[in-house]
Amino acid sequence: MQTGIENIIKHQVIELSFMGILIVFCALTLISLFLACLPKVLTIIEPFLPQATHGHQQTATSSSDLLSPNEDQQAIVAAIGFTLHHRQLNKHT
Amino acid sequence: MQTGIENIIKHQVIELSFMGILIVFCALTLISLFLACLPKVLTIIEPFLPQATHGHQQTATSSSDLLSPNEDQQAIVAAIGFTLHHRQLNKHT
Amino acid sequence: MQTGIENIIKHQVIELSFMGILIVFCALTLISLFLACLPKVLTIIEPFLPQATHGHQQTATSSSDLLSPNEDQQAIVAAIGFTLHHRQLNKHT
Amino acid sequence: MDMFWKFIESTGFAQMEWANVLMILIGIFFISLAIAKDYEPLLLVPIGFGMVIGNIPYPPNMSLSVYDDWNGPGGLSNSSVLSLLYFGVKYGLYPPLIFLGIGAMTDFSTMLSNPKLILLGGAAQIGIFATLIGAVFLGFTPEQAAAIGIIGGADGPTAIFLASKMAPELLGAIAVSAYSYMALVPVIQPPIMYLLTTKAERRIRMKPPREVPKLERIIFPIAAFLICTLIAPGALTLLGMLFLGNLLKESTVTERLANTARNALIDIVTILLGFTVGASTQASTFLTQQSILIFGLGALSFIIATAGGILFAKFMNLFLTDKINPLIGAAGVSAVPDSARVVQAIGQKEDAHNILLMHAMAPNVAGVIGSAIAAGVLWSVLGK
Amino acid sequence: MDMFWKFIESTGFAQMEWANVLMILIGIFFISLAIAKDYEPLLLVPIGFGMVIGNIPYPPNMSLSVYDDWNGPGGLSNSSVLSLLYFGVKYGLYPPLIFLGIGAMTDFSTMLSNPKLILLGGAAQIGIFATLIGAVFLGFTPEQAAAIGIIGGADGPTAIFLASKMAPELLGAIAVSAYSYMALVPVIQPPIMYLLTTKAERRIRMKPPREVPKLERIIFPIAAFLICTLIAPGALTLLGMLFLGNLLKESTVTERLANTARNALIDIVTILLGFTVGASTQASTFLTQQSILIFGLGALSFIIATAGGILFAKFMNLFLTDKINPLIGAAGVSAVPDSARVVQAIGQKEDAHNILLMHAMAPNVAGVIGSAIAAGVLWSVLGK
Amino acid sequence: MDMFWKFIESTGFAQMEWANVLMILIGIFFISLAIAKDYEPLLLVPIGFGMVIGNIPYPPNMSLSVYDDWNGPGGLSNSSVLSLLYFGVKYGLYPPLIFLGIGAMTDFSTMLSNPKLILLGGAAQIGIFATLIGAVFLGFTPEQAAAIGIIGGADGPTAIFLASKMAPELLGAIAVSAYSYMALVPVIQPPIMYLLTTKAERRIRMKPPREVPKLERIIFPIAAFLICTLIAPGALTLLGMLFLGNLLKESTVTERLANTARNALIDIVTILLGFTVGASTQASTFLTQQSILIFGLGALSFIIATAGGILFAKFMNLFLTDKINPLIGAAGVSAVPDSARVVQAIGQKEDAHNILLMHAMAPNVAGVIGSAIAAGVLWSVLGK
């Protein structure tokens, strides 16, 4: 049974490891560079981009049923808002 | 290679299409007629139907744990209700 | 076709049933005894147990995004609490 | 015009048989029962609609039913969607997943608080074994008889799991029978309960259960799992999932997993299981003499189980100073939580202030464990 | 250094072809459209990203694409994760599950309130059959032509289901085409609607729908299922799931199941379906002359369907005293609920106080049923 | 009486071996650690309970373990439920689905705000390759060594995915080792962090990250996916799912899909993965010398990875004017978000007002990408 150094040489794992870490760095560096440039590129491009339109926000899988939770939440938020607003008023009067 | 009219004749697709749309209409017309009659039939039958009883509303898969969300919601609704009621009162006084 | 008693004897189902109910009872009795002793054992052991530490309560799959619902709920509870508290106050004044 | 006649022949109207009509009506009856009476709706609605689906006739060259699977000609590409969804029933995959969710929603603390009540959940399993003997008497093989007997365990998933392993040919009848009787618990149990108890017994009040500390509730699923499966390894799959679900719930650090297990996961599996089990009741395979016998034996099984639980409670009372209300023995059949509710309802008729529900939950959940052990024993002794 | 070159050869940069670049750009365009214009984002985002994933080149010894499945050398252990997820598309499993969720979220009550509007959902199916003829004319086999025609049904799941059964080789193109045109409904339909209606017609107001009692809403899914599948058994899988979902919703006793079906379940399946359908559009199999023809026929199909619905509404008006606003005929194509919204928007341009949305929902949901029946007929006549 | 003895022989008590007892105790220890110390409970609880389940002995004629699958005698009908659930581990299906959920819950914006910190997530991957060399030195094959090395990536799903492809025979040991060390991050990392940094370095404050506009956050997942997979196509499955999840989140128009992906979907998969991975650690296959070596190499891998991240941060500081706090280099191992929390805790010990958490999140999530790329490279070079 051959262990140790022989195995490492035979299977070229040093080369493999070196290449591996190199590729990882290469990919991450590219991402890093891309992200560093992105804000600048976007500042130039942005005026030419179309504005997002949200004319029909619902889609096939979001029927009116799905709205009810949101409406509930809005009602809740409204109630909370009112409560807090009320508290404010009370403080001032 | 035979395309066009020959294909259409060979595969009888005109007949198929005619039959297809006929069947679709046939089924939808039956549903339509059924729904048109349903309210009248129900008005006649209704007195003889048993009333829904909801003696034991919970089932095997809805233990007490599952109740808590509803209770929460009820609490919330109660709070909102109170808030709104309170607002009404304030308006009138 | 042989039915009835012959089948029962041939397949030893009486023995099987007897053994079956015995094993069920045996297992449940053991659980029962274990549970009966557990509180006493725990009372003895408890002083030696480490206290639960909750230094880092979040885990890989619960990022900050997941917190928002809870925060919402807290806000709701706060609003309800305030509402109820307010109602109490009104009663007393 | 050929094509037209070919189509007409393929329609359901042309091929409909009276047996299919009957099954469709039974399906609609199940749905009505679920909606009007609120009897186990989470299962009866999908099963009932599945029975309707499974009894629509279709031309033999199409693959539509749960039985048109990859073992047929054409293999996978000719297998129906229903057969792919039925995979989880056929290979016993859905029941353990349902048990995972049940574990994550079950509160064992009343049982932990009064461990002797666990034995009532054992006594009710007598229904399983008595029915097993009866089924062999009627000519079923021991494997079939075991799968039929487990109907008396009053746990749908356990019944389906054992049937899929021991008697797949009877699975539809056993599943429908099990869920039917579970739905009918409020009808079946009360007469037996009145018959076997005196008014005084039904009025017995029990001590309120103690608060169970968190540590005990965490240790329980692990310890109970070890005890059960070291005795009956065949119960490993069902009880493993049940106690895993309970551990996820009680550990509190995995609350989000428990929450998904008892909501999204169990709901998805319940729909698929109910609906495909229903669709497996094609008249041609379902309307047999065997199915009628299975329904009869199922009723017997429920009756014996209920009586077993009540009588064992009375037997225990001979030795106890703090008497048990024997009504709660009836909850040992499981059918969680319906039979516990029946106990509560009947107890309150005698004494409006007697709250038996929480006491009844102890044998109720113990009955789930008891049936799973029974299934494990039967599988390991009779299984190939 | 061998290893280094071997790796360089395996990178995507080395193997990239222009066709892949084109497909990746189309994928990104889909994503942009979904985000910027909010066109069917729930499908276009996963499909678009799937197109990007499916067009990354990879070395031939790796299993990465949806096509590297268990039928290849190495069997299951050499099949890619994407191919395992694509199983649900390939064998038609995902579309019925999506229909279950759609059933559980669809409110059929406006349709129940005015049953004659159902016919509009039938008229729009003319697009399917006209396209079928056109596709055969262009040289497609009848099976392929049927799968292409169903694009005009404007229901993605129905199109994918039929394509998986009748013309799996065209599935990618058909699915992408169907969802593209569904997304483009707000662009395609308005010109046709203006062309075929007068200003006076567009201003027609309709009576508000009546309140539909719960019992009718419960009976509807069962009755409609029986009518449709007794006539066209091939629609059994899709309509079975659609109406099961609706029954779970309307019965109210199974609300938790309906809730999971229309949330967790449909979302999970939508992600997996969208993303694997997108990933199936590898340039080498997708960028063919056939695909271009399919896109052309798909557009034709949508146009004819829209026209069919509108003209049939005008035809019905010849016999009715309470006139129908012919715009709502356009909603008969389905593409729920986008085309109903388009109707509402155009109606309001003519008369700001005319609320057509709820009336348009009737043919809109009827169109879903109509397309499923059409698919069932085509499958049972042409399927092997 | 035969039957009785047959049953007694089938019980777990009769067949229990000391190795099983040991594994059960380890499982219980994992559960205790998760509950008492809150170390990665979402995985340690299911894995721990799975270890208990997997080590209950059962008679050889029953199919109960994850290894009793369709390849055995009897085929599918004799395969255990656990083996069917283990399918998702064995064929690498669960890890990408978990990545989908992780993508849908991860906020990459601190990373986008300071892109140079991404390199720290690369430096920590040195642990993977160093361990790979060590494992080959100890006699593992290169494929096994690659799967062992990836433990140092500190991402459970990546480790399981690569192990399933490269060394399925070591999957249990690798998975348990990976999750054990991820749980032990708060124990393993601090000593190394103190050893390699000065007090002054630990006190370095960094500029608060800038607000990242929505458009950048939408473009990122698409661009990063293209860059990574064009270089390393083997990372396509894991990164495709990760970035799809993130796109669903950031696009905002698919919020409901993102929500389901990061809740119901990831929870279901986490339970099934954790519990079946645990159940795959049967003493007979798990308690080997190899497993002990794997645990040793795993520890080494974590240590080197932590050191690599810290030292690279110090190296970068040589060239930077705005210095990086080298502690955040330790977060490059990933183990999201535990190692970022450790950084925060240690940073605050030196300077109570120094908030490092958000800075540490950048290398933390970059480490996830880095490990996936490393896995992709290893798979494409060493995979068959």
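Just so it is clear, A, B, C, D, E and F label the chains in written order, and each chain counts residues from 1 on its own.
Simple rule for what comes next: a residue touches a chain if its C-beta (ideal position, glycine included) is under 8 Å from a C-beta of that chain, and two chains touch if they have at least 3 such contacts.
Because the structure is predicted, anything quoted here is derived from the model rather than measured.
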Superimpose the Cα trace of chain A on the Cα trace of chain B, which carries the same sequence, then give the rotation angle to the nearest 5°. 120
Chain E against chain D, contact positions shared by both copies (same if over half, else different): different
Higher-contact pair (C-beta pairs counted), B-E versus C-F: B-E
When the centre of a chain is set as the mean of its C-alpha atoms, what distance in Å lies between chain A and chain E? 29
From the C-alpha centre of chain B to that of chain F, how far is it in Å? 45
With chain centres defined as C-alpha means, what is the inter-centre distance between chain E and chain F in Å? 38
Chain centre separation in whole Å, for chain F relative to chain A (CA means): 21
Multi-chain contacts in chain D: which residues touch at least two other chains? 3, 7, 35, 38, 41-42, 231-232, 256, 263-264, 267, 270, 377, 381
Contacts with two or more other chains occur in chain A at residues 16, 19, 23, 61-62, 66, 76, 79, 83, 86
Interface residues, chain A side, partner chain E - complex: 12, 15-16, 19, 23, 50-66
How about chain F: which of its residues touch chain E in the complex? 91-93, 96, 100, 218, 222, 225-226, 229-234, 236-237, 240, 243-244, 247-248, 251-254, 256-257, 259-261, 263-265, 377, 379-381, 383-384
List of chain D residues in touch with chain B within their complex: 1, 3-4, 7, 35-38, 40-43, 98, 101-102, 105-107, 156, 182, 186, 249, 262-263, 266-267, 270, 335-338, 341-342, 345
Sort out for me which residues of chain A touch chain F in the complex. 1, 3-5, 7-8, 11, 13-14, 16-21, 23-36, 38-39, 42, 46, 49, 61-62, 66
Contact footprint of chain F on chain E as seen in their complex: 3, 6-7, 10-13, 16, 24, 28, 31, 34-35, 38, 41-42, 45-46, 49-50, 52-53, 56-59, 61-62, 64, 76-77, 79-82, 84-85, 263-264, 267-268, 270-271, 275
